[in-house]
Structure formats: structure tokens, C-alpha cells
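Shared between the two complexes below is subunit A, which pairs with subunit B and subunit C, respectively.
What follows is the complex of A and B.
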């Protein structure tokens, strides 16, 4: 009897939890925007975070993007070989990578590396009462901690998508050379006339949106950590999952808006 | 702690105990460790009696509790991919009748497994690493060793088996969801009739075999990489956060690398 009664109860509880978290993230977005109107940014924190989150993520992001470009060539190879349309492979691989898969995989990787770390850091500060310490010193935690992190995640995510797109071209060129005998020069001159600037811009704009999503979600889950050290682990877990779902939802909406 | 002791501790932590290691040797060490955990897991999988019900518990935690998340995610992915294929096709030929056939081939051969494995790794990997990591920092794994139970046997093997089994099932379900989400978008955005969309003429047995192998491999990889990160946790609750991060990044990276390797080999052995 309990099992049957439990299902609506659990569905309702899950929905309320999601509504609670979405609302919390929206409120945090409002607070961040409010503090950006006359910009008061802690420059040292901003640069420190941008270096830690952005510059140190470049190797893994570059590897991800290079593999993604190469994969798109492998997936396109059978069709290209069947119709003997070698001069289309550059365009078809780059189109998908720029618009969709590049930013998406980079965002997932960035979420795992930076978003989770950010939540863990803020969560540890909460459970060791460092946030309360800041408040006692009349320092606003949002201005001091969240705004620099938000800005550096959003800006660095955009920059990493641009770097990743470049590496993806190299990966795709190498793979096309290796398995399809398409020379890099041929690859380049076949892809460039058909690619539009907009295809590239869509990916970069998407990257910015994903960055916003990851930044706000990870900061929200970090600051709402409860329950000591195990609570930090729980909120890291919840943050990574929530940011990943957020990225997919943003992806869905932005694909249809920016087509 | 006396002041002298504190100073000794400071001095000890200021200077790294080992000579400075490079990122490369670190990575090779991690890979060797991962290889050892993999061999141990495979050994105990075939050579030991397991605790009753452990695999089922893990199946529930890994499979059933990720189902909702994966269904939603794969629905969105399916819709997005079909839309991209549609606008890509529209730039070359205005004929939309082959979108469904191309999409289902791509989905079976690669996307259902590889793209689906990413959200799965995010969720399952973070969970496994956080769980095993907290056990390590609270010294529960040391207690297991004291009782002559190898943590790999007791903790990793059930997760590995559950992840292979449930990961594969969830990726297959996710693929089906992505296919039907694509059908909806194809109908709404490009006016493709579902009968035209449901065209399996381009799917070969090689595609199915490759896709299925990918599902199995990713399920196992996620569990192994995350368990290894969890078992190597150090440094209290911060360490658990770090281990979770590394588990997610490591599993995602392993999936992308293995995908590249398997796709390249599959391109020659199981041609489309």
C-alpha cells in the first residue's frame, strides 16, 4: 500500500525540489546582475579565478575538441565514401562540430572540471563558516565570491569554445588525411566557402549561455550546502547533475532560437 | 598540539615529500593504477563469491535512479541532433526523406552510446566517486582491509557489474527515446511523415554490433575510472570534492578517447 501511495508523494517532492532549485538559481542570477549594474568587481579574485578555471583547463578542453572534430570525420566517412563526395567532408564535420557537438562536449567537460570544483570550494567555505566570517566583516559574499566566479566562468567558457573550435579543425583535418586521403589544403578550401560566419557564432553564443548556466548552478549549489562534510559531497554531486541537465535544456532552446 | 610540533608539521607540509613530478609521470602513474584496479576487478568478478544483493542494490542506485535524468537528456539530444541534420541537409539538397535513415544509422553506430554516456558518466561517476571517497576518508575501507576484505572485491566489483548491466540498458533506452524525440521534431519542423522517418534501410549489422560494444565498454569504463578515483581519495572532505571532480573529468575523457579508438577500429573492421 505504501509503495502505491509513495509514488505521487515522491513525484511531488521531486517537483518541489526542482522548483526550489530553479527559483534559487534565478534569485542568484538577479543578485549577480544587480551587483554588475555599477560594476564593482574584485579584480584580483577575477584574474585568479580566470587563470585557475580557464587557462588551466585549456589542455583538456583542447584534447576534447580535437577528438570531437576527428570523430565527426569518422562518422561522416561512410557516407562520403559511398557518394564519393570527398569535398564535402570538411564542411559536414565542421558544421556539426561548430554548431553543436563542440560547445556541448566542452561544456560537459568544463562542468565536470570547473563547476564541480567551484561547488566544492564554496560548499567547504559554507560548512567551515567562512561565509559567515565574511558577513561578519561586512563583506558581501555575492560580490566577493560569486561575481568574480560567475564572470570568469562565463567569459572563459566562451574563450574555450573559440580555442576548441580551432583545435577541432586540426583534429578533423588530421583524421580526414589519415582515413580518407583528403589533404589538409583540400579540406580547408572545401570547408571554408560553405561555412558561414554564423555557424561559428552560434557555437560561441551557445558557449556563453552554457557558461552562465554552469556558473550560476555551481555557485547556487555551493552556497546552499548544508550538513557538514558529507553535505559538500552531496551538493557537488547535485550540482554536476543539475548543471548538465541545464546545459542540455539551454542547448535545446538555443538551437531553435539561433538556427 | 604544541608549538614545536606545529612548526615541524608546517615544515613538513611546506616542502613536498617527493621530488617534483611532471604532469606526464603523474598521468602515467594514474593510468598504471587504473590498469591495476581494472585487472583486480576482472579477477574478482570471475573468482570470488559476492555479498548477496550487493549487485542488485547497485543496479537500483546506478540504473533506476538515473533513468529519469537520462530520458529527459536523451530526449533533448535527439531533438537537437535531428534538427541539426535537417538544417545541414537543407543547405545541400532540399530532400528531407533521408533524414530519418541517416539519423538512425548515426544514432545506432555512435550517438546513442557515446553522447548518452556523457550525462551518464556525469551522474553515475560523481555518485560512485563521492560514495567510495567518503568511505576512504572516514577509514571504512581500512576497516574492510582489517577484516580481510579487499575493497576492490567488496566495493568496486558490484558497481562494475551493475554499471555494465544498467549502463547498457539505460543507453539503449536513451537511444530509443532520442529516436522518437527526433521523429517528433522531424514531423514538426520539417514536415517529415513518421512513416518516411522510420527507414532502417541504411542500418547494417556492423552498426548494431559496434553500438552495442560501445555501450558495454562505456558502462564498465565509468565504474572503473570513478572507483579508482574514489579509492585514491585523500585529504578529508575537500579530497572527496576533488575526487568527484577528477572522476567526472576522467570518465568523460576516457569515453571520448575510447570512442575515437573504437570508431577508428570499427571503421575498418565493421564498415558501415
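What follows is the complex of A and C.
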């Protein structure tokens, strides 16, 4: 191909691929919604997935949130010391963590742990014919596999944001006490008058949206896997990148809407 | 109660796998499909349960044309036409008993507890009750295949499709599997279609045999027809000789 045409050709191909994948994710969302009205959920699969995706993620999410809270204080410490503004360190750390950084970093960590695992598991089931085996047993793979995973990821992501927010507060309090000599009580009461319930709610709502994005993307790429073990690797890679990109896009849009 | 494939065509890209395959499987018959690797045997039986759709041609099951059914409509076909895959397709995340319990829970409305009790009973019929709580990764190929057979038979299907059921089994397990397939036909009236390369199985339990070659049926007949044929391609396949007219 002519070198001059190569770049637009590749750009066009990439755009078509993105359109194809976005359409596929939208179709999967429609299929999931169809099976939720009325709800047809395998409770056993739902609880099994909620446990391994959500409960088992608590330690790593708590660590992420704790460090995030602490980092907010470390970043703000020089300014606080320069202007002797210890009475705003609690608010600034909690406001930023609740509204933005907490849900975002938890989502990225959750995507790496749960989204990637979900894609790999579904992809392996495709290439080892387990999905065909399910269909041959007259069991709908979307109802049996995707719906419980979708609900588990969306619900547990939301729950993890709430847990993460509290751990982030503890991390920030601990760091403020350690490097700024701001006592936890002082930290707490400096933040509360300025913080609103909505600040906390925005992060939780975002967490739910991020969970939806990770669930649909990881299930779509898993079930679209072709080409054996290398195909599973490609799907996991594409899923993690697409879900992370989707999280940032959702973050951008929801920040405008929920401002 | 018959299965009829009529003029089935199937291609994957430029590769034409099936080019007008036609035959009928009779009620209660143990019907074998044989042929070289890659000739389209597994592809053909996957059409019957809607895992693949023909490019052209019709498939009749109990006088119902099934090849144009929707995925949802195929679920009723799959309940009476079970399939045992070459790779077993047991679910890795479940124990053997949970694998067998799955269709019982989903289609017979049993609770998990009742389904597991029933599943253990089904596993004992294939001599796998001692491995009920093992995961598929913890047992051998032959054992996995037996669990897959137990799972496929949970809904008491009228038809069972076996995709290379004796491949990778030791000779004793292979013959036990043959006996089980034959018993399904003789005692329960189940119609079985078996894809196989195993000559001992073929000449041991088949009622009739169809040999696929170059996208079509080369010979359809009884065991005696295959033993006495003059067709050099069929004779080479049956003797397993490297040299001959057969193109692979």
C-alpha cells in the first residue's frame, strides 16, 4: 500500500475496531438488561462471584485506599505548613478522595484484579469449548455466566468504594497526625463542616458506573475470545485497556453531570 | 424418530468442509461417523444442536426442520439431544458433582442439595462416585469423559451425540464406554451418533457407519459393508496404511 495512504488506512481500521467493540459492549448491555426484566439470576453463581470478586478484593482495595488518603495529605503538607492551614487538611484530603481519586484508583485496581481475571476465565471457557458445552446443555451463557458476574462486579465495586472511602480517611488521618501533628479529632472536625453528603455520594455513584463499565467490558472481551491461549492473552490485554479507558471517559462525563 | 441431514454445506472462509452431506439416522440406532482428521465429522454433529449453522441444506429431527431455529428455540432441541464433546467441556470452577448437578438445577428445578444428591447417583452409574468432589483438573482424561457422559445423560435425552468418546482413553475404559453407548441404544432406545476413529469401537458396536471423505459421504453401510467394500479409499482408512489413494 502507498505509504501516504497507510496512516489513514490504519486510523480507519482502528476506528472501525473501536466502533465494533463499542457496539458489541452495547449489545451485551442490552442482553443483560433483557434478562434482568424479570430477573433471571442464578443465586449460587451470584454469591460465588460476589465473594471471590468483592470480598476477596477487600485487602488490596483497602491498601489502595489507605495509601491514596495518606498521599493526599503528603501532597498537601507543604502548602499547609507554608500557610499554617492545618484546619483545611482534613477537608482537602477527604474531598479529593471521596469525589475523585478514591473511586478512580479503586476502579483501576479492581479492573486489574477482577476485570482481567473475569476476561481470562470467560476467554478460557470459550477456547476450551466450555461455553459450547453450556449451550449444548440448553443453558444460556448470558443468563448463567454474564448476569451474575455483571451484578457482582457492579454491586461489589460500589461497596468497595464505600469501604475504600473509610479506609482512605483512616490513612489520611494517620498521615496528618504523623507529619503535620494534626490529631485525628482535629482532622475530623476540620473536615466535617465543609464536607457534604453529596461529596461522598458522588464517589459512590461513580463507583457504580465504573463497575458497570468494568463488568460489561470484561464479559464482552471474554466471550469474544478467539484463537486459543494467545487469544485469551489478547482479550485480557484489550479488556484491561478498554475498561480503563472507559472508566476515564465515564469519570469525565460523570464529573460534569454530578458536579 | 429419525435424524436426517440433507445436502449440508459448510465452509469456513475459503475452506469448504461439508459439500452436500446427506444421510438418515434411524430410531434407536448406534450410528458411527468416521473419516480422517479435519474432514468435518465434529462440524457435522454440531449442526444438529445448533452450535454451528449450515451454509445450505436442511436438518430434520423428529420431522422438524431444526437448522433454521433461533438460539432460544434450539434449547428445547438440546434438552432431548445431548452432546458429549471430545474435550469433555466440564466446567473447571465446579467439582464433578456440581457439573452433573447443573442441568438438574436448571431444567428440573431441583435445589442445590437435591441436585447434588441426584448427581452423586448419576456419577455412581459411570463408576465416578469416589471422585464426586474432585475438580476436573484433578482427574484424568478418561474420568473427565465419564463425568461428561453422566452430565449429558442427566436430562434423559432421546438422542446423544458422542464426539470421539474413546479418544485418549486406555483400552479398558474405551471398551467400557463402548458398552455404555451400546446399552443406551439397546436398553433405553436412545439414538446415538458417534464420531470416532477407533476401529475397535466401530466394528464392535456400530449398527451403521458413514465415512466422510472430501466433504461428502464416501460409504454408508453396516459393519459388513465396510469389511467387504472394494473402495480403495475406504479400505485404506480401515487398514490404516500410510500409502494409498486417500488424500488428507
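Operating definition for what follows: the second predicted complex is superposed on the first by the 257 of 259 C-alpha atoms of A that agree within 3 Å, B and C clash if a C-alpha of one lies under 4 Å from a C-alpha of the other, contacts with A are read in each partner's own complex, and residues count from 1 in each chain.
Please note the rule applied: a contact is a pair of C-beta atoms (placed from the backbone, for glycine too) under 8 Å apart; a residue touches a chain by one contact, two chains touch by 3 or more.
Here the structure is a predicted model, which is why all the values come from computation and not from measurement.
Q: Overlaying on subunit A: subunit B and subunit C, fit or clash?
A: Overlaying the two structures gives subunit B and subunit C room side by side.
Q: With both complexes superposed on chain A, which partner does A:133 reach: first (subunit B), second (subunit C), both or neither?
A: After superposing on A, A:133 lies in contact with subunit C but is clear of subunit B.
Q: Roughly how many degrees, to the nearest 10, is the angle at subunit A when you join its Cα centre to the Cα centres of subunit B and subunit C?
A: Nearest-10 rounding gives 100 degrees.
Q: Identify the partner contact of A:230: answer first if only subunit B is touched, second if only subunit C is, both if each is, neither if none is.
A: A:230 contacts subunit B only, not subunit C.
Q: Now for A:44: first (subunit B), second (subunit C), both, or neither, which partner does it touch?
A: A:44: touches subunit C, not subunit B.
Q: With the superposition applied, I'd like the minimum CA-CA separation between subunit B and subunit C in Å.
A: 5
Q: Can you give me the overlap between the subunit B contact set and the subunit C contact set on subunit A?
A: Residues 121, 124, which sit in both footprints.
Q: Using the touch definition from the top, list the residues of subunit A that touch subunit C in their complex.
A: 44, 121, 124-125, 128-130, 132-140, 144
Q: Considering only the defined contacts, which subunit C positions touch subunit A in the complex?
A: 46, 49-51, 71, 74-76, 78-79, 82-83, 85, 87, 89-93, 102-103, 105-107, 112, 151-152, 155
Q: Subunit B touches which residues of subunit A in the complex?
A: 60, 63-64, 67-68, 70-71, 74-75, 77-79, 88, 92, 95-96, 99-101, 105, 108-109, 111-113, 116-117, 119-121, 123-124, 127, 179, 194, 228-230, 232-234, 236-237, 240-241, 244-245, 248-249, 251-252, 255-256, 259
Q: Give every residue of subunit B touching subunit A within the complex, in rising order.
A: Residues 69, 72-73, 76-77, 79-81, 83-84, 87-88, 91-92, 102, 106, 109-110, 114-115, 118-119, 122-123, 126-127, 130, 133-134, 236-238, 240-242, 244-245, 248-249, 252-253, 256-257, 259-260, 263-264, 267, 271-272.
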